[in-house]
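Shared chain: chain A. Partners: chain B in the first complex, chain C in the second.
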Partner chain A sequence: MSEASVSANASAPKAAPESKEGKKEVKHLSYGALIARRFFRQPSAVVGVVLLAILVLFALFGSSIAQWGYDEPDFLSLSGAPSSSHWLGTDPGGSDLYALVVHGLGKSLLIGVITSVATMAIAAIYGTAIAFFGGWVERIGMWILDCLLVVPSFLLIAMLVRAANATAGWIWLVIGLTAFGWVGYARIIRTMTLSLRERDYVKAAHFMGVGSFKIILRHLVPNLASLIIINTVLGVVGAVNSETALSFLGVGIKPPDTSLGSILQTGQSTIQTAPWILLAPSVVLILLCFSMQLIGDGLRDALDPNSAAGGKVGA
Partner chain B sequence: MLKFIAKRLANYVVMLFVAVSFTYFMASAFMHPRSVYESRTPRPPQDSIERTLDLANLNDRTPVLERYWNWLTAIVTRWDWGKSPTLESVNSAIAPRVLASTELVTLSTVLSIVLGVALGIYTAQRQYKWQDRMFMVTGTLFMVIPSAVLALLIVLMAIAVNDTVGFRMFYVTGLSSYTGDDIGLRLLDFLQHIILPTISLTLLGMVGYHLTQRTYLLDELHADYVRTARMKGLTRRQAVRRHALRASLIPTGVNVAFSIASVFTGAVITESIFAINGLGRYFITAINQSDINASVAIAAFGGVCTLTGALLADIFSAWLDPRIKMS
Partner chain C sequence: MFRKTKKNASPLADILKAGNGEVTRDEILQYELLEGNGPKGAPKGDPIMQVRDLHVSFATEAGVCRAVRGVNFDLWRGRTLGIVGESGSGKSVTALSLIGLLDDNAKVTGSIKMNGVELVGKTDEEMSVIRGEHIAMVFQDPLSALTPMFTIGDQIAEGLITHHPDMSKQAVHDRCIELLDLVGIPQPEERLNSFPHQFSGGMRQRVMIAIAIANNPDVIIADEPTTALDVTIQAQILDVLAKAQKETGAAVVLITHDLGVVAGAADDILVMYAGRPVERASIDDIFAKPSMPYTMGLLGAVPKPHVAASQRLVPIQGNPPSLVDIPAGCPFSPRCPLATPECSQAEPNLEVVDATNGHLASCRRLNEIVSKNMKYTDVFPVPEMLPAKWAEVPRDQRPVTLEVEHLVKTFPLTGGGMFRRTIGRVSAVDDVTFKIRQGETLALVGESGSGKSTTLMEIMNLMKPEDGRIVVLGHDLATLKGRGDRKALRKDLQIIFQDPMSSLDPRMTVYDVLAEPLKVHKWDKEKINHRIGELMELVGLNPDYVDRFPTQFSGGQRQRISIARALATDPKVLLLDEPIASLDVSIQAGVINLLEDLQAKLKISYLFVAHDLAVIRQISDRVAVMYLGQVVELGETEDVFTHPRHPYTQALLSAIPVPDPVVERTRSRIILKGDLPSPAEHHPGCRFASRCPVKLTLSPAQQQMCDGQRPTLRGDDQNQSEFACHFPLAVTAESAF
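Right after this comes the complex of A and B.
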């Protein structure tokens, strides 16, 4: 408390003459521009964005500078160490690790983003709907949510994905991760909606005869936008983690397709003879998850009116 | 209080029944134990396949409701959780694996709670100082790092250490390899095995406690009653210890109650990396062999653990906060 008031006093005399001299027009800032300004004011968030941008560019265009495709093994170099022709070495099957990592990163990103968006869409609609209707709908809805939380979701996802994806590939991974991933988020969103449904504008819309689903989509979901956006960004980390775990256990992505988790699985078997197979996907995964987390934290601070990211007076 | 617990318990039992039945139907719909036999070379005779599947109550030509009924009556009357496609009993397979999982996870759970809460308290009192920022960054790192990556990097480091010192200081697979009678050597052997998985699980587990405890304590530190305590003349340390800390430990206690459940279900990734025959590894084997009964039994066991944790959390919070019993 005392520190804050002291620093406010100290900065007041400095700020005062500036505001007298520069009689600038008050510039109108749109909400988006305000959030962007508050977001980019945080060094950690900028680091996150830069890291993510590099990774996305790497996933999109990394294959065009590669000398090998991820599905064309070089049988003259099995488990080869990094060299001029294979920049990151090769795996026991002779596949170029650089090409594998580029392809796997793309797949992990794709799965992570699609899963997170789909998960949050279901959670937002379900959570707001049961809170909005209240009464027995809410009671039954909550009971279903609790029921789905009883059995650890990882087990259900693994069961579904392992059984189904022998033919259909990574789409089933997304479906499985989405089908059981939304439950926890729906509970959070329901709790947030409980206070929203009592607001005057929701009641007004209701009494004017606006349909329930229109109210949910027009009034309730947009008011939870900040929460939903933050959870979507952070949800990517969770989805990438689950995907890595499943593929690592041999339940997720299957060869010839590859993801960072399945490269790790290959690397585990050769951990003593060819440790470089492990290092490249590990570093990429850590960077990916860390950058997403930094962006999510930055967004949370930017969207939170009480946070320190609002900057000092006058800024 | 008893009525409250009884009501909760009844609700949980119904929930467990519905969830496990749902899992059974889902597993039956998505797993094909028949394929285990049909893909064998040479392919066994058709009659033998049918007979084996019938014996295991897994034949997909029997209506699923009939199979469900057989499965359910066997559990209720004989506590028999069924057989794997190769006709091994699920009951006898689960018990030793639960033991292995418990051995593995107990130590790391205790360590993550103690270290995490301590770190949360330490950093909350130094909010925005360099210690807080440093632990925040490392905490975030351990929060987002996939558990497989962390465990594999730890294995890599342990192998490097083993190579440098010239003998096997750390074992990277299993829980024990010593077969003699000496108690001291056996303990040492166990420690050499358990230390790496424990480090990996503790690093991953303590982050949650660190971050939540930090938030809870910060909320309390800014509360009016803590300021009043300071004004009455208590030192900062006394005010924190006697007032803020106590209140902030309540939600942490609820979290701890929940996490007790995970001790028995183990850690799927860690178990498969360190080759520990626990419940998590058994589950992966089960779904890879289309073992419907074993998968459902593990899911049911997981459900029982979750709900026990939830019940403990209910009792704990009702005991601390009388308002909950009323509603």
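Right after this comes the complex of A and C.
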């Protein structure tokens, strides 16, 4: 979805009100501006954006006001409760939780967003392309999808990440999650495209001489936008979950690097004695998911021409 | 459980049958008893059903939708009441409220009395005793009205057994056969065990009628019974409906938007607009002396198939109001050329136009209209005549823009299984030939499945055809090389689709829709901006609306946007695939006029595909009639309409309903037997031979020629038309229309 709106943005002229010709010249609002206007009309979407912005700013600049680095353990305070020197307490290893959460949120966001966007982008383009071209392209494309579905992805990702070193581990995690995550979505999108490609406006574009790739980007992908957006949003949450699961098994993010998932994993073993370790990362994770959900709903309504935004044309 | 309901409600059924003798004798009934200007004269006796002050409203998210606002009418056995109106005028809701099939969120007030028994306020359970037994319904879409899981026999029997549980198996069986025979289904005994998918649309509609009349109902409601059918099938179904009415003696409510259909089938007419009856009279009065401006407009806007297009159609400005937000005063006043400021003050009621034959109309300026004897040409401004088409350059000297010769297109018929083996071929297009010159309109006519749309797609694809030749603006498609050539040609060849809902991308604003073809041809931004403003004005839309999405426009406006998009690159040839079939009558006229104006201004050639012959007579210069993939007749519109040479053309023409009751009654119809044969069958001879009425009159040797030898297009010296028939009809002094 993102690349589609970007391309529409780029191709639509940036508001051209040079009305020299008088009434024949039309006032035109670019597609991007129009979508933005419809998006920000919805209070819940604005709340989502504000929440996400706060989280992102927190992840980016939170460390500058911290007293400790995430990789500087305080051996005098193991599993310490929140105090003036450790605002959110410390974990059993003595690391400052505030610093851990800031760093972990950044890592989780990065993994979640990159994985989800990349997954949906590949799925959307692959799915619509094989459905649009049909014939042999479709048959071979479906055959590849079917083959990929039977690959044991979890095991392969674990092996990939294990083989990498600690600092590049998260990149390999993203690559692994993306490489095996898009297959299911591509199948769904192909099925939806099968009915879209028979629409008259797709035929009309073809008969105007619009290129195949442009038809896919301008007509097919945007018309699947609500599906793609919802899946992207849920995909962020899903990717964070996968990352957590892998970290829990010890094959995800490796120390000293950290993520929300690995903090949670530390916290769940000390839930009786030091519940604050679980509290902070959970709250941040929930806020992250909640904001993504609100943004997803807002975007869907903004992109959907049938939604309540905007009136009727008279006569 | 089922028996119990039967027992509980049986007193009601008895009362209904006997009637409690109460008849509301009011002014409405008095006037209706005077309506005598129809084929059956004035109604006699007491009405079987009386509807008084019926209001139906729905609570929707957008607000209260007042679908029906004060409808009154009476039904007599053996008479047909036609309810006419555009989509959203409340006619279907009126019908559904009679039979109690409205949604739960509908609020119905007023009175519907059947034999004096009040039906409004009855529970669904009580109504189910009446439904099917006393009131029956024929729905619009026969494809979805029958359950695919049960045989035809089961579905007819169901209606019988529900209301007569004591009927013996044999009696039910016999009655089913009798009914199928009555509605004209051949071999009823065997067809009883067939499933709905084994029947064609027309056959299914016959079965629907059979189910409707199974219990000899008193009232049959037919909601657009022929709208989904082809014109030759429509003629058959209207015939069956008339026969069913004669057989059961039921009162029929015929709901339609097609003025031609009511002209031939109804006795009384109720015209509805925005949920209210605006005019009511007997059939001849409505057509001869329409008195409400809306009725006049509707009659003026409809193309007439039986007269040459000497005059332009008169469109009604604007769109019907939304039922959620009905304007104050007369709902038609925003569109009415006679409207004065007073018209938007209060809504007028039905007033007397002519007391002697019960003609009523609701208009504030009725007195003026009646005393001045105003016609629709006095009320609506008639658009200027087009400049004479061939004035500058005669037709023969104009360049040919599109030429199709012996075009063939087949689709493979694949079997199941893993390898999808080709087990046969369906020839969708088989021998299509025509030629279009600059600034000319050629209409391609035929029933559904005759290959019209496939022909268009073959032209638009710009690929070498399977067989035959397509030449676009002098370029033979077989010689085109590569994408670049095709793209260059696409600038001059554009298409407009039938459904403006699906031909515009809902995600794009009007600006982007119109800019798309221009961007393909590398126009710069400023030129595009300028051109879009020009296009919006050309098709009569306000250029300020370019930032709206297509869904915010009405059907007619959307079709104008499609036209603007097609015209963006200034094409020389425009293909139109049923461009007005999905629009209301009053909107249609505006689009037809726009297309005519554009042609006169821009000298474009149109290839106009349609199944509506009336529209074709209005707009086209030449006609090509298609039957099962073949062009069977090709000639000047006037020649084809007045002196058809191919028997199929003749049958097609005689099946068109004419919006004039007097003409309609005196016409003789050639009703074709059966349906279009399957295109998968191989026909060595004439494809029309199986249904041809002329073939039956020939000698055996000649019949053999029809069956064994394929006719091709040829002409003779009787007139200019070409035809694919071994034994063409002679040109006589008397014209077919």
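Note that the second predicted complex is superposed on the first by the 210 of 315 C-alpha atoms of A that agree within 3 Å, B and C clash if a C-alpha of one lies under 4 Å from a C-alpha of the other, contacts with A are read in each partner's own complex, and residues count from 1 in each chain.
Operating definition for what follows: contacts are C-beta pairs under 8 Å (C-beta built on N, C-alpha and C of every residue); 3 or more make two chains touch, one makes a residue touch a chain.
These numbers come from a predicted model, not from an experiment.
> Is A:L34 contacted by the first partner chain B, the second partner chain C, both or neither?
Second partner only, chain C.
> Based on the superposed arrangement, let me know which partner A:G209 touches: chain B (first), chain C (second), both, or neither?
It touches chain C, and chain B stays clear.
> Report for A:L148: first if it touches chain B alone, second if chain C alone, otherwise both or neither.
first
> So, A:R162: does it touch chain B (first), chain C (second), both, or neither?
A:R162 contacts chain B only, not chain C.
> After lining up the shared chain so the two structures overlap, which partner does A:A118 touch, if you call chain B first and chain C second: first, second, both or neither?
Neither: A:A118 stays clear of chain B and chain C.
> Figure out whether A:L105 sits in contact with chain B (first) or chain C (second), or with both, or with neither.
A:L105 contacts neither chain B nor chain C.
> Look at A:G250 in the shared chain and tell me whether it touches chain B only, chain C only, both, or neither; answer first, second, both or neither.
It touches chain B, and chain C stays clear.
> According to the stated criteria, A:Y201 is in contact with first (chain B), second (chain C), both, or neither; which is it?
The second partner, chain C, only.
> Check whether A:P222 is in contact with chain B, with chain C, with both or with neither, and answer first, second, both or neither.
second
> So in the complex, the part of chain A that touches chain B is made up of which residues?
By the definition above, chain A touches chain B via 143, 146-152, 154-156, 158-160, 162-164, 237, 240-241, 244-245, 248-251, 261, 264, 267-268, 271-272, 275, 278, 281-282, 285-286, 289-290, 292-294, 297.
> Can you tell me which positions in chain C touch chain A when the two form their complex?
317-319, 322, 460, 486-487, 490-491, 493-495, 497-499, 502-509, 511-512, 516-517, 519-521, 525-526, 528-530, 532-534, 536-537, 542-554, 557, 562, 565, 569
> Could you pull out which chain A residues touch chain C in their complex?
That would be residues 8, 11-13, 16, 18, 21, 23-29, 31, 34, 199-201, 203-205, 207-210, 218-219, 222-223, 225, 303, 305-306, 310-313, 315 of chain A.
> Residue numbers of chain B touching chain A in their complex, please.
15-16, 18-20, 22-23, 26-27, 30-32, 140-141, 143-149, 152-153, 155-156, 159, 265, 268-269, 272-273, 283-284, 287-288, 290, 295, 298-300, 302-303, 306-307
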